[in-house]
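Across the two complexes that follow, subunit A remains constant while its partner is subunit B and subsequently subunit C.
And then the complex of A and B:
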């Protein structure tokens, strides 16, 4: 499953902002497309096609050197625009401008990392709450996105509020608080769910929301018979 | 998947196991080009047969290994004269399972530029990353790929090395899934040690890899030689299993080589000239997880 040209580009949450720390790289999959997420040492976030154009090695294995990402295989350096700037096997050669990695639009908002596969959408990502939403936890489900949404609606009462987003008002630390569930379609049979709690910073409430999330995962696992 | 098997690949002897390893494992079931096979030892030596039809497959014992083939009359196995010279020590190492095409495994074996990054402190160092121009060629007379005049600085070129040295390399691809490397011996000035790699495709993207050493070294223990080789191979394996696609791309444009990749370029061209389809791809890279 991949996006087609005719489909308008849309933002998806692929993780909480702590998913990739400054100076780190990691791999995420959105709608069957592999993405290398990485941050410069200074913290700037990038979402690239997860393949070095040279010999195809996953760039999520790469090493961040300042504001560049170096491929693990032959140490080729890519700058923040995805352009190759250094090939260690030929230290005196200027890499051609065409030597570059595909990159995707990415945004950080409400403690979430957003990626769009088909070019930057005209509108910014939706808000995940009204009062300083906090990232709580991500879980993986062995279900397609639609089946996952149906299951969440049935088990938790969560209702869709926008494409890819659901909201539910469970009792969290003694009061009803808005919890937003961001659905990341990984592939046809796998979905990630990123959970955000609205209502401002509150460590106890955040911890309670994490417990609520783990409980949801356990209940879905019991229903589907799949140890998620 | 066996219908993707081209004639050139089908006509080759393929490694089953080293002699001792086979005796230890037999009887066992494995596969060869996606065909399930059974391996046993008999009074007359090792036997290999297809599990689906029961048909016996040819067996060859050479260079300390047992070989078989899916074709009843495979091309003669390549010649390694150094095996019959005497003096060097033979150490087989493996097998190691790798989830990628056997051709990707061979190509990685032919690669010099990755030493400083994948084998830092052993086969290379980030202080010396430049690949000095060398010569890669398809030798039509023997129908092999060769790379000569390769040189690289290596902090610990072999198990017996005590200090960093500039090492001279020569590479030879004798079959799609077998390659030999000749490198200057730390134990004997002017002489070459041999390191070989033999990959058996279990499937198009799953391989069993055997490495062997034939070297001038009377001092290292078998264990230290094995450990040296295994450490290097495990470092390579991480790269190999994270190379997308797992099938080796033969069409131009899918991957961008530089002059340092001359051996890989010649290897890919040689495979293409022979119409090799097994373990290769021709289209856009797979993007699925």
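And then the complex of A and C:
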């Protein structure tokens, strides 16, 4: 198995657990790095470099076949370790182990999908709350991560609790549940914000948190004059 | 339909317009990816020569990859001579 970097790095939330369903693939970007996020039919999550070693096509466009991801272009199949196992044009060829996709560490916790770009960090990701945090909504902001954090602090009163994580206690559905904001640096000018609500699954509270999130996006858009 | 080649060794000459340093780096990476044993020949701004040994399908893949890329190169033709390896 290969990774792009052996140096340990930090965990970042790149979406809620529903972001990619079993048997599906999607594209996410973290710190300028394109990632193909996909799940096997059984639900195992993988984060790979978003480029087929064959012709460079995005693997996030690929098709999940059981526990393999097939490139949409020429159909090369990759197993869960990222190694090419089958080439439709050469069905009798045993592909060499060098034909493999770079992959990144992933973890699922608190309804969040976490990815680390380098080697897997020694410690697991931080918790997103103390009482069954629930994923509510993701929004994109036309701001760099630092500017986004500054604006969130100013407009919502959110305070940093760890690198990439902020917390705030807005009034949600009649109570002061903790809301954790996970900041995903996409590139220098774009940030994704993933919102998690503490206090266990509660449809009304979750909906209220979604509305709060949309309101935050509108307020940031009004401040910056840029539609998210 | 063209019969599948069975010879494992191929001497290749890529002709066109290219940067020999960039092209050599690209070819070396591609050969490593395809697990080909490679021997590098002359490299100029007009041609690049090498010899590779490996599975015929992967030699074909190497030929096509170098024909298409790297981006700066414009390869007009490829001479290929296959022998038993």
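For this structure, a couple of remarks:
Everything below uses one rule, namely that the second predicted complex is superposed on the first by the 220 of 228 C-alpha atoms of A that agree within 3 Å, B and C clash if a C-alpha of one lies under 4 Å from a C-alpha of the other, contacts with A are read in each partner's own complex, and residues count from 1 in each chain.
In this section, a residue touches a chain if its C-beta (ideal position, glycine included) is under 8 Å from a C-beta of that chain, and two chains touch if they have at least 3 such contacts.
Source: prediction; values computed, not measured.
When both complexes are superposed on subunit A, subunit B and subunit C end up clashing with one another.
Shared-chain residue A:207: touches no atom of subunit B or subunit C. When the two structures are aligned on the shared chain, A:26 is found in touch with neither subunit B nor subunit C.
In the superposition on chain A, A:53 contacts both subunit B and subunit C. In the superposition on chain A, A:155 makes contact with neither subunit B nor subunit C. In the superposed model, A:90 lies in contact with both subunit B and subunit C. Contacts of A:147 after superposition on the shared chain: neither subunit B nor subunit C is touched.
With both complexes superposed, B is the one of subunit B and subunit C in contact with more subunit A residues. Comparing which residues of subunit A touch subunit B with which touch subunit C, the overlap comprises 53-54, 87, 89-90, 93, 99.
Taken in their complex, subunit C has these residues touching subunit A: 32-35, 55, 57-58, 61. By the touch criterion given at the top, residues 112-114, 116-118, 126, 129-131, 238-239, 242-245, 249, 255-261, 285, 287-289 of subunit B touch subunit A in their complex.
Per the touch definition, subunit A reaches subunit B in the complex via residues 2, 29, 32-34, 50-51, 53-58, 61, 72-75, 87-91, 93, 99, 186-187, 190. Of all residues in subunit A, those touching subunit C in their complex are 53-54, 87, 89-90, 93, 96-99.
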